[in-house]
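Chain lettering (A, B, C and D) follows the sequence in which the chains are written, and residue indices restart at 1 in each chain.
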Amino acid sequence: MFVLIPLFPLLGAAVNGLIGIRGFSRRAVGATAVGAAGMSFAAAVAAFVGLLRSAEPAIVKTLFTWLPPSLVRTASGSLASLRVDLSFHYDSLAAVMTLVVTGVGLLIHIYSLGYMAHDKSYARYFSYLNLFTFAMLILVLGANLGVMFIGWEGVGLCSYLLIGFWFRKDSASNAGKKAFITNRVGDFGFLLGTGLLVYALGTIDIAGIAAAVEGGALAKGTATAAALLLFLGATGKSAQIPLYTWLPDAMEGPTPVSALIHAATMVTAGVYMVARLHVLFSFSGTALTVVALTGAITAVYAATMAFVQTDIKRVLAYSTISQIGFMFIGLGVGAYAAGIFHLMTHAFFKSLLFLAAGSVIHALSGEQDMRRMGGLRARIPRTYRVFLIGALAISGFPGLSGFFSKDEILASAFASGQYLVWALGLAGAAMTAFYMFRLIFMTFFGEERFTEKAGEPVHESPPVMLVPLQVLAVLAVIGGYIGLPRLLGGRAWFTRFLERTTGAHEAGLAPGTEALLMAASVAAALGAIYAAYVIYVKKRGEPARRFAERCRALYQTVLRKYYVDEFYGKVFVGGVFAAGRIADWIDRRVIDGLVDGTAGVARRVSRLAILFDERAVDGAVNGVGKAHLAASSVLRRLQTGHIYNYALAVMLGVALVITIAVAVF
Amino acid sequence: MIPIEAVIVLGLLLFAIGFVGVVVRKNLVVMLMSLELLLNGANVILVGLGRRLDSPRGTIFAMFVIIMAVSEAAVGFALVLAYFRQKKSYDVDALDDLKG
Amino acid sequence: MITLAVFTFFAVLAVAGAVLVIVQKNVMHSVLYLAFTVLATAGVFFTLQAEYLGAIQILVYGGGIVVLYIFVIIIVNLKEVVPERRSLLPKLVLVAVPVAVGAEVAYLLLARGFPVAEAGGEGMGFETMAETLFGSYLFPFELASVLLLAVLVGAIIIARRKLIHDPD
Amino acid sequence: MNVFGIPILTFVTFFPVAGMLVVLALPTSSARAIKLAANIFTGLEFAVTLLILTRFDAGSGEMQLVERLPWIKSIGAQYLLGIDGISLLLVLLTSLLTFVATLSSWGAVTGRLKEYYAFMLLLETGMVGVFLALDLLLFYVFWEVVLVPMYFLIGIWGGERRLYAAIKFFLYTLFGSVAMLVGILVLRAGHHSFDWMAMVAAGSVIPAALQGWIFLAFFLGFAIKVPMVPFHTWLPDAHVEAPTAGSVILAGILLKMGSYGFLRFSLPLLPDAARRYAPAVAVLALVAIIYGALVSLMQKDMKKLIAYSSVSHMGFVMLGLAALTPMAAKGAVLQMINHGLSTGALFLVVGVLYERRHTRLISEFGGLSSRMPVFAAVFLIMTMSSIGLPGLNGFIGEFMILMGTFPVSWLWTAIAATGIVLGAGYMLWLYQRVMFGTIVHPANESLKDLTLREFATFMPLLVLVFWIGIFPKPFLDVIDKPVEKIIRIVNPAHFEAPR
C-alpha cells in the first residue's frame, strides 16, 4: 500500500513532462501536479494510520531483484552472495518522513501555482517538482543502501534541474552545477561507505546491516570508518561543514524550490540517513561524537554568517544550515527521536519562512535585498503575521513548535554529558533568535527603503499563496504539542512513536535541571530578540553600521563567508583545472610529441633511406641495365634476317640433341 | 617385306635434300618447291612407321600433312606474288627487314 | 621380294628427282622434276600398302600443287635467272650440316636397330582406315576443311591486285 | 547449431557482406535506393541477432551454437565460431549500434554513398566476427578486417585533418595487432592449435615465464585498442575527424574489442601471467580514469571531450577486469554495453549539432535548451547515463565495478570513485556551456529541434538506458556463468573456502 506514495508523484512528473509541456493548458498542468502531490499525501496518511493500527513495527515490500546475486569475498574471508533487491520498507521513521515530505510538498505545490503563475516553462517546473518528490520518497522508503542511493542521486539531479531552472541566468546554472558536484563529492563518501559495508558484511540491506552489527560481525574500526564515510555523504546532502557552500548559492532557484528542497526535504536526507543507520553509528562511539561536534560547530558557524547577510533568502539559507546543525547535535548525542522531531518542526517553520519571504519578494516584484525593504508591516499585513509566527517558532519562543524540539535536543545534549555541544547549541539558539528578528525588523519595520515602480504596486500575495502560508503557520504553532515533554504534562507521544524504530533513549535528567535548562534557553532567546529590537528598530541599525566600520576586517571576513568559497574555488576547482591543464599539456606535448616525434624520426630515417636508395641501389640496378644493353648489342648482329640462317640454327639444334641422345643412351 | 630401315633412310634423304634446297637456293619459288620435298620425306617416314606399327594413324597423319602442305603452298605463293609485285625480285636475301 | 625391288626402284627415282629439283637453274625444269619426285613418292606409298594415301598424293600433290607451281611460274613469266652469287664455302657448309645429321640418324637406326617390334600383318585395309579417320579423327578432319577454307580466302586476298582506291 | 537449416552464427557474420554486395550492385544515381538498402540490411541483421536469443540457453556458461570447419589444415587453423553470454551481448550491441549509425547518416552523408554504406556493412561483419571467432587466427583476421573499412570511413568522409587521423589510427592499431599476432603464434606453438576451447580445456600448459611474454604481447595489442593511457592519442584525433556514424561505431564497439579480447583471451589462456600483471593493469586503468577525466575538462571540441571521456570510462572497464573478481568482471562487461549505448548516443547528439551548425566547438553553442527542448531532454538523459546516475544504466556497471574492486584494494576504489566526481564535473560543464545560458551566436536562434527520424535513432538507446538502469537482471544473468567460468580459471583463490 505504501508503495503508492512515490507512485503518484512519478505519474504526475511523467504526465507533465511528456504531455504537459506541449499539450496542457496552465490549469491542467497545475491540476495534475497538485493532484499527484495531494494523492501522495493521502496515501501517506492512509499508510500512517495503517501503521498505527498494525502490530509489527515495519512492513517490507520487495518489487524485484535489482542486481542478481554475485559472489563477494568479505573481510572475514568468507564468500558472501551480494544481492540487491528493489525493496522498500515502511516504519515509524519512514512514516514521519513521508508525512513531512508529502504534506509540506503539497502545500508548496499549491503555493507554486501562484508564485510561478506567469513563468514561461510552467509544465517543466511542475514535472521537476513532482519528480523531486518521487526521488525524495524513494530515498526515504528505500530498504537498502542501493535503493536509497537511487533516491539520493535522484534528489541531487532534481535539485540541479530546479536550482538551474532559469537556465538563461548563468549564475543559476553555475549554482546548479555547484550543487550537483558538491553532492557528488558527498556521494563519493557514500559509495565508499557502502563499499566498506559490502566488504565487511557482504550485504547493503539496512535491516541486514543492523542485525549484523548487533551480532558483532563488525569490528569497531571498520564500523567507524564506514559511519564516517557515510556521514561525509550526509554532510554533502545536508550542507554541513565542509560541503555546505552549495546551499547559499542554491537560492538562485525559484523560492518554492528553496522552500521544498533547501528547507523541508532534501537537506534533511543526511539527517534521515544517520537516523536510519543509528545502530551502525551508535555502535561506533567516535562516529557519534564527530556527528555531534560537526553539528554544533556548523550551527554556530552558519549563524555568524547569517548575521551579516543582506539577501533575505541567503539569511534563511544560513539559518537552515544552522538548524540542521541542531538536528545533527540531536543525533550525535544519541537522541535520534529528538533530532527527527526538530527535523519535522523545522520543515514546518522553515518552509513557512521561505514561502513568506517568497511572498515578500513577489510583493516587491523581485527585490531580494533587505536594505531596500522596510516598513512592509503596513503594506502586506497578512504576510507579516505569518512571517512573525515563523520567526518566533524558529527562535524557540515558548509555546511554539521550535521551542519544544530545540529544547529537547539541548536537554539530551546536556544529559549526555557533552557540555561543549550543549553550550554551542545554546549559543546557536540565541544567535538564531537574533538574526531572525534582525530580518523581521529590517524588512517589516522602519522606514520604507524600496522605490515603488509605477507599473508594479506593492501588493499582497493572492490567496493561493497565502492559504498554504496560513496552514503552515498553524502547523508551526501546534507542531510541537504532539511531542510535549512529560515535564509539561505531555505524554511525549512523538518520541515514543519514533523510538519504536530508533531505539529507546532516556534523557535521564532530573526534572529540576530540565526546567532550569528550559528557562535558560528561553531567556537566551528573549534576550537576543530584545537586542535585535534595540539595534534595528530603536537605533535604526546604527550600531550595526558602527560595528561594520569599526572592525572592518572582521565584518568583511564574515560577510565574505570566511572566504571559504574562494578557498574551495582556488584549491579544489582551481586545482582540478590546473591538473587538467597539465594533463592536457602532457597529452598534447609529451605523448603526441612522442608519437609525432617517432613519426619525425621515421621521416628522417626514411629520407636517409631514400638517399641510400638512389645512390647505391639504383646505381647498381642501372649498372646492370647498361651492361645488359652492351651485351645485347653484340648478340643483335646474330639476327641476320635471312631465313636460311634460322633454318640452319634449327638444324644445328637438332644435331646437338641427337648427338646428346646418342651419347647418353 | 620392305625393311623399315630402308624406308626411314629414304625419308631422311628426301628430308635432307629438301632442307638443302631451302637453305641453299636463293630463289623463293625453288625454296617452296624444296619445302614440298621436305614434307614428302616426312610423309614417307610416317607411312613407313604406320605400316610397321600396323595402325592407320601413320597414313592419316600423312594425309593431314598433305592438306597442310597444300594450304601452306597456296598461302606461300600468294605471299610470293604479293612480294614479287612489290619488289620485282625473288631474291630471298632481300627479305631481311626483320633484322635485329 | 618383288615389292622390295619395286620399292627400291621408286626410292631411287624419288631421290634423283629431289636432287635435280634443287640443282636446276631453270625453275620450270625444277617444277617438272618436283612432279616426278611426287609421283615416285606415291609409288613408294603404294608399295607400303598405303594405297589410299598414294591416290591422294597423286591427286592432291601431283594434280594440285604442281599445277599451282606451273601456273604461278607462267603468270609471273619468270625470265631472269636469279644469280647464285653465294661463294662455295657457305654452300658447302650448308650442305654438310643436313647431310651429317641425316647420316647420324641413319647410323643410329642401323647400329641400334629400330626399337619397335616387327608387327607384320596384312596391312591397313580401307575399312580400318575409314573407321579411324571418321571415328576418332572426325574432329581434325572437319578442322582441316575449315583450314582449307581459310587458306582459300586468305590466298585470294593476299594475291589479288590492289583495289582501285588503294593506290599501289 | 543451425536455425531453419542455416548455420546461424556464420549467417549473422556474413549477412552484412551480402548486404554490401547488394549495395554495390545498385546504380550510384539512385541515392535513396542505396540508403534504403543499407538500412534494411542493418535492420535485418539486428533482427537476426535477436533470433540467436531464441536458440541461446542463458543458464550454461559454455560456448553454444559452435560451428567448426577445417580452414588451413597445415597449420591447424579452423573456421571456429561460438557464442556465450558475453559475446551475445556484444554482438547485439554491435548490430544495434550499426543499425542506429546507418539510420543516423541518412541526412548526414551525401558524397559517394555506395562506398560509404559498403564500408559500413563490411565493418559490421568484421566486428561481429571478432566477437564470435574462437579460433585465434580467425579472431586476428577479423581484427584486421575491422581496420580497413574504419580507415576509409575516417579517411574519406572525415573532417579536415582526416588523413592524419586515419593513418595514425591505422598504424597505431596495426602496430598493436602485430604484437598480438606474435603472441598468438607463440600460444599456438604451446597448444599446437588455435582452438580457444581446446586451450581453455587444456589449462595452463605454457610455463609461467613464457605466459608473461605472451601476456605482454597481447596486452600491447589490446591496450592500444581499449585505449589505455599511454597508447590513447589516436582516439581523440580519430573521433574528431571521423563522420558521426563512424564515431558512434568507433566508440560504441571498436573500443570494446580491446577489453573483450583481454577478457576472452588474456585472462583464461594466461592465468598465471594475468594474476601477476593484474595490479599493473589496474594501476594503468586508474591512471586512465583520472587522466582521461582531467584532460576532457580542458577540451574545446565536443567530440574530443567525449573521446577523452571514453578513455576514462574504458579505464573503469579495465579496472573491473583487472580486479579479477566475478562482481567487478560482470560490472565491467555490463559497463562495456553501457558505454556503448551512452557514448554512442552522445556522439549522435554531437552529430545532430554538427549537422545543423557544421562545427563542434563548444564556444559556438549556448542556450540551446530554449530552442531545442526535446534535444535538451535527450542530451540530459544521456549525460546522466554517462556519469552514472542511479536509475540509469551507467550506475549499475560502475556500482558493481566499485563493489567488486573494494575487497581487492580500497585505495583503488577510492581513486576510481574520484573519477565519478570528475566525470560529473566535465559532463555537466559541457552540458551547461552548450545548453544553458543565453543564446549568444545569432545562428543558434534558428536551430530546429530533433526531427522524427533523428528521434527514432535515439529511441532504442533511450529505451535500453532506462531498461538496464531499472531492471538489469536479464543482462546480468546472461553474462553471469561465462564470467564466473573465466574468473574461476584466472583467480581460483577467490572461490576457495576461507583458510
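Here is the rule we use: a residue touches a chain if its C-beta (ideal position, glycine included) is under 8 Å from a C-beta of that chain, and two chains touch if they have at least 3 such contacts.
Just so you know, these numbers come straight off a predicted model, no measurement behind them.
Of all chains, the one whose Cα centroid sits at the greatest distance from that of subunit A is C.
Centre to centre, using the average C-alpha position, subunit C and subunit D are separated by 83 Å. In terms of their C-alpha centroids, the spacing between subunit A and subunit C amounts to 115 Å. Centre to centre, using the average C-alpha position, subunit B and subunit C are separated by 6 Å. Mean C-alpha position of subunit A lies 111 Å from that of subunit B. In subunit D, no residue touches two or more other chains.
Shown for subunit A are the residues that touch two or more other chains, namely 644, 648, 651. Residue positions of subunit B touching 2 or more other chains: 19, 23-24.
Contacting chain pairs in the structure are A-B, A-C, A-D, B-C.
Those residues of subunit B that touch subunit C in the complex are listed here as 1-10, 12-21, 23-27, 29-30, 32-34, 36-37, 40, 43-44, 47-60, 62-64, 66-71, 73-75, 77-82, 84-85, 89-91. For subunit A in complex with subunit D, the residues that touch the partner chain are 21, 64-68, 70-79, 82, 86, 124, 146, 149-150, 152-154, 157, 160, 164, 167-168, 170, 173-174, 176-177, 180-181, 184-185, 187-188, 191-192, 194-196, 198-199, 576-577, 579-584, 587, 591-592, 595. Interface of subunit C with subunit A (complex): residues 94, 97-98, 100-101, 104-105, 108. Within the complex formed with subunit C, the subunit A residues making contact are 644, 648, 651-652, 654-655, 658-659, 661-662.
Interface residues of subunit D, counted against subunit A in their complex, comprise 168, 230, 232-233, 291, 294-295, 297-299, 325-327, 330, 367, 369-370, 373, 384, 389-391, 395-396, 399-400, 402-404, 406-407, 410, 413-414, 417-418, 420-422, 424-425, 428-429, 432, 435-438, 470-473, 476-477, 480, 484, 494-495, 497-499.
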